[in-house]
Each structure stands twice: as C-alpha cells, then as structure tokens.
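Remarks on the structure that follows.
We call the chains A, B and C, going by the order they appear; numbering starts again at 1 in every chain.
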Amino acid sequence: MPTPFIMPKFDMDQEKATIISWVKKEGDFVKADETVLTVETEKVAIDVPSPASGTLAGILFKDGDVVPVTQVIAYILKEGEALTNLPKADSPKPEVDSTPQAAASPQPLSVNATPVAMRMAKEEGVDLSKVSASGDRITREDVERFIASQKDAGRVTVPATPAARRVARESGVALEAVSGSGPRGRVQSADVSAAASSAPSAITEVNGREAEVVPLTSIRRTIAERMQQSFHESPHIALTVEVDMTEAENTRKRFNLQAEKLGQPKITVTALMIKVVAWALIRNPYINASFNGDSISLWKDVNIGVATAVSQGLVVPVLKGADRLGVSEINMQLIELADRARESKLKLSDVQGGTFTISNLGMFGIRQFRAVINPPESAILAVGSAVRKPIVVDDQDRVEVRPMMSLTLSADHRVIDGVVAARFLSDLVTGIEAPNMLLF
Amino acid sequence: MPEISYLEAIRQALWQEMKRDERVFLLGEDIGRYGGAFGLTHGMLDEFGPERVRETPISEATIVATAIGASLLGMRPVAEIMFMDFVFLALDQIVNQAAKMHFMFGGRTNVPIVIRMPGGSGAGAASQHSQSLESILMHFPGLKVINPSTPYDAKGLMLSAIRDPNPVCFVEHKILYKTKGEVPEGDYTIPIGVAEIKRPGRDITVVANNIMVMKTLAVAENLAKDGIEVEVIDPRTLLPLDTETIINSVRRTGRLLVVHEACRTGGWAGEVIASVVGSPAFDYIDTPVRRLGGKDIPIPYNRGLEKIAIPQSSEIEQEIRDMVEGRI
Amino acid sequence: MTKQKERNKEKMEVDRESFRDQVSRLKLKDETLIGLYRTMATVRHFELMADKLYAAGKVHGTMHLSAGQEAVAAGISLAVRQDDYFINHHRGHGHFIAKGADINLMMAEFIGRDTGYNHGRGGSMHIADFQSHNLGANGIVGGGIPQAVGVGLALQMQKRDEICICVFGDGAANEGVFHEAMNMAALWKLPILYVCENNKYGMSMDVERATSKLPIAQRGDAYGIPWACVDGNDVVEVYEAMKTAAEHVRSGKGPYFVETITYRYFGHSKSDRNLYRSREEIEDWKQNRDPIMRFTKHLLQSEILDEAQAQEIDNQAEQVIVKAVEFAEASPEPDLSTVLEYVYA
C-alpha cells in the first residue's frame, strides 16, 4: 500500500506548518530521510524528510499552503504501487491516551479538533463537544477560551471559611443553604452552627406588617437569579401534548418482572421517559441546543437534567450521555443522584453540563404545568400526572379509559420554532406510545 | 522579688554565669571601661578583669571568629555585636562557619558561642542603627535565634544560651533595655524553643516578638473592656520556632494575627502563617490570617516618621477589632 | 625575572652545597629525613590518586589538590608538636597527612562515606580531626584566619603551651579578615604561627597581579609581627624557618608569619583548565623545582638512601593510598534516613 506522507509535528504546541517549497516534485524518486520539502512553523524553517524510499506521488498541497500537522500531504509509492490503492480516509488520528479521564463526559465520537486541542482538552477535562471552533477545527485557542468562560459560568461555590466548612461537614449542613454573615457574603462557622441548630428565625416587622424574615440562602439566590435571567432572555413558547401511557406502562411492568429476577431495582416511569426523551432529542437536535448570541450550539451529548426538590430548594442533577445508556443504567444513575441530592452530597460535576431538563410534578397530582427553561438550555419538558380518562381510541369512535399524561414543552423561540417543538413532541408521543420503536 | 531592667537582667545572667563557669568570657567593642555602648557590661571589667571582659578592635568578623576558635578549645565566649545592623560584617563567620561546623564536621565538634546583638528602632538612631534582622537569622540551620521580650525571659534565656552547645544569636531590643520586671535573683533557665502564652484569650491569637509583645499586651487590656479576649503568644525563640503552641492556640481561637517590628516583606510572620495555615489548624480558621509588620522602608531619622515606620498600638488594636468583629 | 624568582634561584644553588651542613646544624637524623621523604611521597600519591578517582567518576563535586606543595606540609609538621592546633584551608590534604591523619578515614570522607572523618557530611573541603587537634579545612578563603585568633586566645587563657598553626594561601592574604586577625593576634600576643603558602596563584590570578607589595609576609611589619619568606620547595629550609617561628610563638612572644614560595601542579579545582599559566611554566616547576625530586637528590647524594630504597619507600607510600581507597570504597554510604542529623548539638 502506498505510504502516506504526513505533515510532521516538530514542536509540542505546533498545530500547523506552512509549505515554503517542495524540493522534490511529483514522480521524483526519493530516498528515506532525504529532504522532500521545506516548511515553516511559528519559529523556524525546517526541512522535512521522506518517511520511506519510493516515488513521490499524489501531492495534495502546494507552496504557500498552510497544512495542519498529521495531515497527509503526499504518498510514497513502492514498485508496483499506484495511487489507486490509497489507504482509507485520512482524518487526523487523535492522540491516544490510555489514562482514564477523571472529569465530566467521555470524548464524543467524532470531534473535529487539532491534536494539540485534543490533548489540552483531555488534560483539562474539557468536553470538546461543548467547545465551538473558530475555524474549521477546534484549536488550542478555542479550548483555552472555553476553559476561561467555564470558570465563571454556573459555579456553585460558596465563600466560606475553613472553619465553616468543617462545621458544615461535621453537622451535615449544606453550605449552599447557609446564609453568610461575613464580608462579601462569606459564611462563617457561626452561621453554619446556627443553621445546624435551626434556631427559629425572628418574626419582625417589614413595612408595617409582621413577617418572618428569612435570609436568602445561596441556593435560593442562585435559583432566583437564573430563573429571572431565563425569563428575561429566552422568549418562552409552550406546547402541550397528551400521551397515552398504556404501552409504556405495560413495557415497564414486563421489564420490572425481569428486573426482579435479575436482582435489579425496578425502573421508574421517569427512567423510561428519559430514555424516550433522549431518543427524541437525537432526532431533533435543535431541542438539545444552546443560543450563543451569534450562533447555536447543537450539543453532541445528550445530558438530561432531572429537576429534584430538596429541603433547601431545587437542584438539577444531570444524567450524562443519556442517549447511550440503557434504561436500567439510567434508572440506577437516577437512584444514585437522587440519594446524593437528598444527602446534600451532590458534586459540582453532578449538576454541570446539562443540555435538556425534565421536570415532573405528577406525583403531586399536577396534571399540566409550564416550567421555566434552565439556562443555557433551550427547552424544558414539564411532565404532569397520568390521569385515567375516556378517550377515542380508533376511527370508529370507540371510547376506552386510558392513562393520559400531559407533557408541556417550554422552548426558547430564538432557537426553536413552534413547528420544531411540535415535531419533537410528536416524536416523544410516538416513542412513549410505542416504546419498542426505540429498539430499532 | 526584685524588679530590675531588661538590661540589668542580661548583665546579671552574664555576671552569674561568669562566676559559675570560668570558661565563660566576653568579647566585644567598648565593653571594658566604657561599660558597653548601652551600659550593659557596666562594672564587669572591675569584677572579672580585662582577660575575661576582653575589649576588641572594631573587627566584627574576627570578634565572632575569635569566639568560634576559642569555643573549639572548650571556652564559652559571649561575643557582642554592638548594633544588630553590624551583623552583616560577621555573617560569613556566623553563617558559613559557626552554623555549619557541627554539621560539616559530622558532629565531631561543637561551637558553643553566644552572639549578643541589640536591634530595634525608637532611639532616633536612623537607618543603619535601628534594624530588626531576626527574620534573616532564622534562615540558617545550625543557628539558634533567641529574642526575649521581658527581663525575666532575658535572664533565663541568656543562661540557657550560654549553656547550649550550639551557636546562639541573642537578639535584644534597645528600647526594651529600660523596661522593668520581676526577675529571680538566683539561677534559673528558660528552655530554648518554647513559646509562652503571655496572656490567654478565646477570640484571637496574636503572635508578637520583643517590643510588640508589650504593645499587644497593652492593647489586649484595652480590648478586654469591650469583651474581646486576645491570646498573646511570645515565641521567645525564633529558631527553632515553637509552632505547636501557636497551632494549638489557633485551633482554639480560629483567628491569627502576627505582629513584628521587622519589615513586612520577608518578615518572620510569613514563616508563622505558612506553618499554621498548612497545619490541621486550617480547619479551624474562621477569619483571614493577617500580619502587621514594619513598613517596607529603612528606619527614618525624623521622630514622627520613625514612630509610624513600625506597627502602632492603635493599628494593632484596630486590626484585632476588624478581625474579631468580622470586617475583614 | 622577579625578585622572588631570583632569590629562589640563588637559594637553590646555595642549598646544593650546604645540605649536609644544614642538616647536621639542625641536628636532623637520617631517620627523620627519611621520614620527611616518606611523608612527602604519601602526600603526592594521595593527590595523584585523588585525581585518578575523580577522572574515574568516583569522586563528585570538586577537589583542590596540593601536588607540588608537599615540602611545606612536611616541613611544618616536623617543626611543630603533635598536639599543636592546626587550622587549614581547602587545599589541605597534605597538611592533614603530614599531621598524622588516618588516611583511610580521609579517603572515606573524600568519597562521601559514612566512615569518613565527617560521616560524609563535609567532603574534601571540610575534613577535620578534632582528636588530633586538627581543626578543619575551610571552604571560605580566609575563613580560618580569624578563627586562629580564637584558638590562640583560648590557649593563652587556658595557659597551655600548644600553639596554633594557621595555614592560608596567597589569595587569602587579601581578605579583610586577614588584616583584622593579624592585628588582634599581635595585639594580644597570641601563640599563632601564620603560614602563607604562596603557590603563585589565587584561583587564576597571579599573585603579582593581586598583591600590591611582595612578599606577602612583609605585611607582618604593619602589625609588628616578625616574619620570614622561604623557598617552600626546600623541605629542610621550610623546617628551619618553621622551627624558629614555632619557638618564638611558643615562648609567648606573640605571633610569627612565615611565607613559603611554592607551586601547585594541578589547577585550582577540578574545573580549572589552566588557561592562566603556560605548560612551560608548569613543566619548569615539575622538572626543575619539584620538592620531592630535589630532596631525593640530596638524600641520594648524601647516601642516606640509595635508589632502590627510595623507590621502595615510594612504593610503600603508594600502597598506603591504594589500601585507603579499598577501605573507602568498601565503606557504606551514610544512611539516607540520617539526613537531618548533626544540624544541632
């Protein structure tokens, strides 16, 4: 097979090189290590040797071209070889690292990024699918920019003294739930102790009327700010469908019989819902997106947040890569996340990186409601309770009682038009009413 | 118990030890008939004679070297560097020789010398006669650096210093010379390397040395009226530093302030803070850890400028208040 | 030719004639002279071996070799008492050996072993043997000169009759402490024999370029210290000068200053490429003025030794060094867990 001649990397941080001139031309015989062309990197001009002996052929770039490193620029043909037996498509090989990644999500399957950018992303634990490329490939600068922006975005860090943190750990109080009395809102240990002993708050007078004044906890403050931001920035549209849960219920029951035999926990409706939602999101990428001002990021990962009520308020733990998980896996992760949320042990990575949120108030008997989009996402699904109702089930106007559940999608009209939202919901309904579809 | 001055306390220690141990002798400039630049050796020439109260030419390096050489043959010299500022002239002998000889020679010899040096501002002596350089001396393994703040500590620590087989830098403060305190007449020693909690308190730990101890104690008295209880720790020895006492204190109070006259930058407060913040006491810190040091300027001549060149009582008090009352 | 060189040449010629007279005047027995020869041979072999070990990568750091200066070390050691105190400089292997150091322990220290004089903590520049009153070599040029004042002072205060010999080089004579120390030693009439081993070069600087007025010893006049300047490569000459000096010092008359003119063959330290002197100069000293060669000639001419005996002694000296290397190489390194020891007494 012809030997590919790639543009070599001479420097750890090098991403491209400019061809100054070809020393040999198409058809010339070259020896291994003989200089074939001269290139220029940021620092210096370098002679590039041939990787093998043979005939130089299939030159793909000319003098003056800027070529990314590891890109094939030509081929060396041995006796009898021809350009027709070219090896398979030549997207640049990402550098393979055998150490497992500690941070967020696994690398997406096909991200167009330079090797340097990929290495940096791996080292910094950055999900490349979240990085927008300024050119045709994600470069190091793009990754650096992303990292810088992440430092500010959505971090739930509570300013607290070391002593406050210790008391919080020891008494099981969530720092987010404590209001800080120190300068700049810093939580002092006394604040945590007070929260732990849940001293009753004083009833005071506010504007001539009596009220119990509850100081704003970190978590409430965050929710307040973000909901306000969401409502302010994203023009919300809301679409509602009703879905017949019969098939879904049956599927779930059948599954749970097997689950018991396998010693696995029973799956919940939510887990099944998440699976179908994930499937529908793949089919409707604009629902799994974010508005960037002058562009829209269609996220490659499907990370579904599940709004969860905890004593201090609302948290949204995220199920990462839901489209690639089976229902039982989704179920198990849900259980874990719920446990962690209840014990105030959610890690930062648990609540970061979401691309879509589901909110379910069905357990409270709420039939239908509209949720507020969770920025920077573009849509949120509000799930109501399943109510047994008579509905027309066929075109003979036969009526049966079926469990009907209302789903309301709130969508950001900057990204999602009514029709787009409608198609998503339609897919959802199809998927829920015939869950076996998802197998195919 | 008799009350004597810091200066007299040191003289007493030297006097009593020279009587007790004939190997002890003094070396320094003008320590004979003149009685020492500050009068510390007053009367000692008549008592002990010119051999043991040995006046030297102005040769700081050789003063210290002589002490070193003599100590190799079993003598116990106490050398004086008239003003701490002149220590630089003798630093090769102190640091490259005395501090390292026990180590370089594999433990086969000791250098049991004491080098006395008064430092500190407040006497209008200006830049080259007013420095506090103990922060530098702390940096040399093999040396011990003592810095007493009271007459009681001065005598007990001087006796320990002379009896210690290692080279000891005994840092005095010229303004403290006149301060008085109760000092036992007999023989007693204070262990080197042990800090003292001069005043217990529950709200904040303040670590201070020589003249700042006095200032901080006065400030603490004042603050007590407002219900703020300050724990004042005097390390007494800077090398080896008793970090344990300080760490345990910060565990209890959750707040740490270090106060010294020496210039802020590179001052020994950094050493204390690094030791505490890196220790298990970290989890008990409830307020940012702070330090007050001399301004980063040479000591000025003008009285007003000289005064404000180093931390004032009012600044110490304000800093403590701000820390305890949650404004920092 | 400088005054110094002229004087040296003269002396050499005079020596050849009066060797027998000189040694008989000084009452130096044959065994004593052979002992001097043995001492010098031992020193020479130690230095040569040190150089070899370094080239073989067995010694790290650097070393300051005194090959060529053996007569000074040997001469002094004969002139003073075993229990006299010695303060040395970094080129002091010769003086240690001459003073009777245990060469095994020296070699072990040299290569950083735990059995060395300083448990491997000091290395070549900081060898000391306090038991035998050898107060150590000093890595700071001139560092020991003022310390000798302390030693002398202690001897005086303790009313002892040992003296302190303080050896330093021509470069050290220009350190500030040299002047402080000379002044105080003279002031207090301390029992110190100051020896300046003038080997012509500081590190790379010719003594004539570094010193405003030669000989260095004449600085004694400034401090009221009697002085002498001798051919450092004539071991008997050195001996005589040191004997006179030691007697003066031991009698309580105060310090004495002897300068010995000598030469070192090796560079200042291991990184010295001898760019500051010519091959010819080094060869000249080696061929025509080598102290061991000169002394051997005298011994042969006076029939105190014959060629075979001289060679035998030389071989024996070499063997001592070879054995020392074996001892050292077989010695353990210090246990790494002891890294924090010896900082404080």
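One rule holds in what follows: a residue touches a chain if its C-beta (ideal position, glycine included) is under 8 Å from a C-beta of that chain, and two chains touch if they have at least 3 such contacts.
Worth saying up front: this structure is predicted, and the values here are computed from it rather than measured.
A.B. asks: When you average C-alpha coordinates per chain, which one falls nearest the overall C-alpha average? Tell me, please.
C.D. replies: B
A.B. asks: Looking at every pair of chains, which has the largest contact count?
C.D. replies: Looking across every pairing, the one with the most contacts is B-C.
A.B. asks: Determine the centre-to-centre distance between subunit B and subunit C, using the mean Cα coordinates as centres, and give it in whole Å.
C.D. replies: The separation of the two C-alpha centroids amounts to 42 Å.
A.B. asks: Where the centres are mean C-alpha positions, what is the separation of subunit A from subunit C, in Å?
C.D. replies: A distance of 78 Å separates the two centres.
A.B. asks: Could you give the separation in Å between the centres of subunit A and subunit B, each centre being the mean of its C-alpha atoms?
C.D. replies: Result: the chain centres lie 61 Å from each other.
A.B. asks: For subunit C, which residues are in contact with subunit B within the complex?
C.D. replies: 85, 87, 116-122, 126, 128, 130, 135-136, 138-140, 143, 145-155, 157-158, 164, 176-177, 180-181, 183-184, 187, 341-345
A.B. asks: Note which residues of subunit B are touching subunit C in the complex, please.
C.D. replies: 25, 51-52, 54, 56-57, 59, 61-62, 65-75, 77, 92-93, 96-97, 101-110, 112, 141-142, 144, 164-166
A.B. asks: Which subunit B residues qualify as touching subunit A in the complex?
C.D. replies: Counting only subunit B, the residues touching subunit A are 254, 282-287, 326-328.
A.B. asks: Contact residues on subunit A for subunit B in the complex?
C.D. replies: Checking each residue of subunit A against subunit B gives 161-166, 181-183, 188-190.
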